Amino acid sequence: MTTASKLVSMHDAIARHVPHGSMVLLGAQMEQMIPFAAGHEIIRQGKRDLTVVGPISDILFDQLIGAGCVSRVMAAWVGNVSAGVGYCLRRAVERSIPRRMEMVDYSNFTLALALHAAALGVPFLPTYSTLGSDLLAKNGNLREFSSPVSEEKLVAVRALRPDVAVIHVQRADEFGNAHLWGSLGTAVDGARAARKVVVVAEEIVAPEVIASDPNRTLIPGFLVAAVVHEPWGAHPSPAQGYYGRDHAFFSQYHEQSRQVEDFEHWLERWVLRVSDRREYMNQLGACRAEALGVREHAYSAAADFGY
Amino acid sequence: MTTASKLVSMHDAIARHVPHGSMVLLGAQMEQMIPFAAGHEIIRQGKRDLTVVGPISDILFDQLIGAGCVSRVMAAWVGNVSAGVGYCLRRAVERSIPRRMEMVDYSNFTLALALHAAALGVPFLPTYSTLGSDLLAKNGNLREFSSPVSEEKLVAVRALRPDVAVIHVQRADEFGNAHLWGSLGTAVDGARAARKVVVVAEEIVAPEVIASDPNRTLIPGFLVAAVVHEPWGAHPSPAQGYYGRDHAFFSQYHEQSRQVEDFEHWLERWVLRVSDRREYMNQLGACRAEALGVREHAYSAAADFGY
Amino acid sequence: MPAGAQAETTTRDYTLGELMVAAASREIADGELVFVGMRLPMLAFLVAKQTRAPRAVGLYENGVIRETPSPELLYTMADPPNLRNATQCSQMLDVMALLQQGRVDVGFLGAAEVDRFGNLNSTWGHRDGQTTRLPGSGGACDIACLSRRTVVLLAHERNRFRERVSHITSPGHGLGNGWREAQGLPARSGPSALITTLGVLRFGSDGEAYLASVHPGVSVEEVLANTGWTLRVADELLETPAPAAAELSSMRSLDPNHFWTR
Amino acid sequence: MPAGAQAETTTRDYTLGELMVAAASREIADGELVFVGMRLPMLAFLVAKQTRAPRAVGLYENGVIRETPSPELLYTMADPPNLRNATQCSQMLDVMALLQQGRVDVGFLGAAEVDRFGNLNSTWGHRDGQTTRLPGSGGACDIACLSRRTVVLLAHERNRFRERVSHITSPGHGLGNGWREAQGLPARSGPSALITTLGVLRFGSDGEAYLASVHPGVSVEEVLANTGWTLRVADELLETPAPAAAELSSMRSLDPNHFWTR
């Protein structure tokens, strides 16, 4: 039909769809396909007062916090998954460096339920999780109540509706219909919970490729505001079928973010002084990228949609 | 690993896993892949006092009702999707023929939510649907309550946990790991809501085929009690990639179920006097099967799980 | 279908079904999300796609979402042609979630009975003084509760157009203005048009139906005689516009043998 | 890791990490559903699979379910080798749903601090009188609330083993027997073992931890000195069994360079 292409540059996608003060879902797929390229563009554009949402966004949240973009974090875990704590998080929470910041602590499940509630269009969803914990005591979006159909205590997890979800996917067409596979985490609910979706794709493919497998189309284009073609856009996190996890990069970041001066140097080098992901990858070097590439393809068996 | 094969005949699967009086989910995928072969075996084995659950199981529920297997129906719609009303349903509700039967009327969404609640392990889920309707007034598993996080009225849909879900799928391995695609309906939640699952598969494939696409494995084998290899087991409903819908069969059933004597004749011919699905298909005839077969294959684009 | 209306249509270039499909298709604006259903509404959606609403998106209760017409005539929403090359094959819960989020602009419904305020009954039928059990809600109750607006297609017969339905399968405007909000249903939702075999009814701000247009060749008296309550008539009563050439050619390409539009 | 324990292990044929992994693997019975986690618990799960629990099923919070070991060492649960040929790649909600249904037999956890009743803190650390912000719950709170039993692995240090944790990230037995049920948590759930760098603690019917076994070469006094409350000791205190040859060969095939089990 006559739908217009939604392809834009990363610069334009962030400029248009991530205003100051907005609530942004990043890193919905846990440790895979974290939208680092989008996060770095947010930093370069100096976005401020963001609420960042995501179960575990590995070091991306730490970087956004260290760069001063974030006034509030709604997450279950913030740090460096393979190396330990996040030093920017610590500085922000313990000493308000570079700015004061609010932490709203969720568990993975309650954050997933908050997004699921918004995706379902209900004000809350019930769970037994967090009963007896200080998460329940301290997070105002978790509230104990009595089940209307039984004598049980339950926790109402309030719906969380991000202004925008940035979802990194393996492939999409120019209208935003997206295939993703492997580690899904909260991506499907996240895309449906958000007011709009920015899809960042390793590959832009013909609509026929996406349409050939509508069960793998986990984000339909009509929910998508912008599509960015950004190969290697999730580095140093992995993208199944495209590249592996750059464990060393995470370790190096861990060391280089321990002191605030070192972090600022890191930020200059990897974010502020590169203009886009292409330059970032040039700096990373072809050898390193080559080493992360797919060594052995493993293609899914076909499903027949014929009749 | 050392997991034992779960492959059994349809006879044994039904004999073992569908006792008299049990609550059985059938037809989770709406008008596709309705487990008619399983339903007919239930009739042949003379199962009694079943509660049948399913959003819309097309004429399968009508047949089970007419055969006297059913004491309670929990569904959103019972009839003949392409032809209209279900005459056995009418006779049972209006005149208790062949027996008295209770109808618990759901809408599609509230039935899906009842299964989703059980799949999530919570006693209920909230919705705005059915407010103001007589479904809410008459179905005791729907109850109005006040939102614990807002001033709104909501309906609590009580979790529904079938004793067994019979799910027809395109392919499975002998351990019950199953690929299904196309019309999913409530199959994923249904399989997780039920205490046990019987998988009926068009094809049994090597475990490697299933493992090649873990995102399409919508039913994991560890939830499955039995796997039945039953080609054409969903006829006259369609199985995407295997065969189309036999519209004429539905029309013929409509005519031949209008009078109770004709229905009994139909039941004799298509269920009671055939010993299994193979005999049923022989009776249907190779020409008719051929005409329903796939004329043009349409294979999904591969997803690369390599690294 | 009343004999009068049928006789009329045979003297024209289109059938009554085609007139109803064309009228229904005009209820869809471009870019809208539409809960489609089967039979005439499905055809209306496809006509709208090919004429004034090329960016409309169709949702089906089995979880299918489509932006392109199915390449073949469908008997059910899960027929194989409706799944191949769909925009998305999701779960029932996923499309119902879009509905509950308030994203669905219009939903199409049928019913056995309708009343003055657009409440629908598809659970119990009344025929010759007997009560008969009908198939039930399916997704109709959900669509009636949660779409921004609903469009109902049904045969205009006195025993189907009742002062008050005996059973509300799918809530309309209940007892009138404010009733939906009082029940907790979404604000500014509810039935917006009844497209019948005799005309088109719309709803006033008080939630009560009125006759907005009569089909060509149908008299107001005929409509009133086939309505089980005192139906209000619009001050400026219109004639339902005949199907445009583009609408007719679209629906005929999709249903060349008049399977649905006889 | 206390210097004493480390010195001991170097005189044996296995490392302290290997002892802990072997002990943890014995907490998994055949056919059980296990919320696995990373590092030592992941290795313990894989050892269990290859020895006494071949039909155990592993769940990961990103939605992955696996019955076969990942072919490569993992740094995170979403590393590509953990997804390829998985039993299922579902959503986070799906694996958490299995947990909430009560289907998960055992969940493995770590923590910065633990107390007398097995409550865990992984949100706020205490070091040299300073309070430090730690990464937080992740899925730990969910697993602690909803698994039938939990097994916690952590370093046995006095400042981590506290009379009362300052923040309950993950509820254990709260204030003792009956507390979990009073909170509304599932009946007969909660911590079942703490596998530390010095020994194994289990829980009495009153919900309080007691020392069930000491690792080879570790004295009771050393354990007590490194515990921030008066720890009860089992009447029949055992020595933690050394890893069996099959366990050692299994874990060494999975982690040949002692990356996790140094």
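Should a chain be cited, it is by its letter among A, B, C and D, assigned in written order, with residues numbered from 1 in that chain.
Here, contacts are C-beta pairs under 8 Å (C-beta built on N, C-alpha and C of every residue); 3 or more make two chains touch, one makes a residue touch a chain.
Quantities reported herein were computed from a predicted structural model and do not represent experimental measurements.
The minimum number of touch steps linking chain A to chain B comes to 1.
Chains that touch both chain B and chain C: A. Set side by side, A-C and A-D show the greater C-beta contact count at A-D.
Taking each chain's centre as the mean of its CA atoms, D is the chain most distant from chain C. Mean C-alpha positions place chain B and chain D at a centre distance of 41 Å. Centroid to centroid, with C-alpha atoms defining each point, chain A and chain D lie 28 Å apart.
Computed from the mean C-alpha positions, the centre of chain C lies at a distance of 59 Å from the centre of chain D. Under the contact definition stated at the top, the residues of chain C that touch 2 or more other chains are 64, 80, 83-85, 89, 93, 99-100. Annotation for chain B: residues touching 2 or more other chains are 121-122, 127-128, 152, 154, 181-182, 184, 212, 215, 238, 240, 244, 298, 305-307.
Under the contact rule stated at the top, the pairs of chains that touch are A-B, A-C, A-D, B-C, B-D. Residues 38, 61-64, 75-80, 83-85, 89-93, 96, 99-100, 123, 131-142, 144-146, 167-171, 174, 179-180, 183-186 of chain C are the ones that touch chain B when the two sit in their complex. Residues 121-128, 143, 145, 147-150, 152, 154, 156, 158, 170, 179, 181-182, 184, 205, 209-210, 212-213, 215-216, 238, 240-242, 244, 294-307 of chain B are the ones touching chain A in the complex. Interface of chain A with chain C (complex): residues 1-3, 118-122, 177, 192, 208, 211-212, 214-215, 217-218, 220-222, 305-307.
Within the complex formed with chain B, the residues of chain D that make contact are 33, 49, 54-55, 57, 64-65, 67-68, 80-81, 83-89, 93-94, 97-102. Note for the complex: chain B touches chain C at residues 29-32, 55-56, 58, 75-79, 81-82, 84-86, 89-90, 93-94, 103, 105-110, 112-113, 116, 127-135, 144, 152-154, 181-189, 237-238, 240, 244-245, 247, 250, 298.
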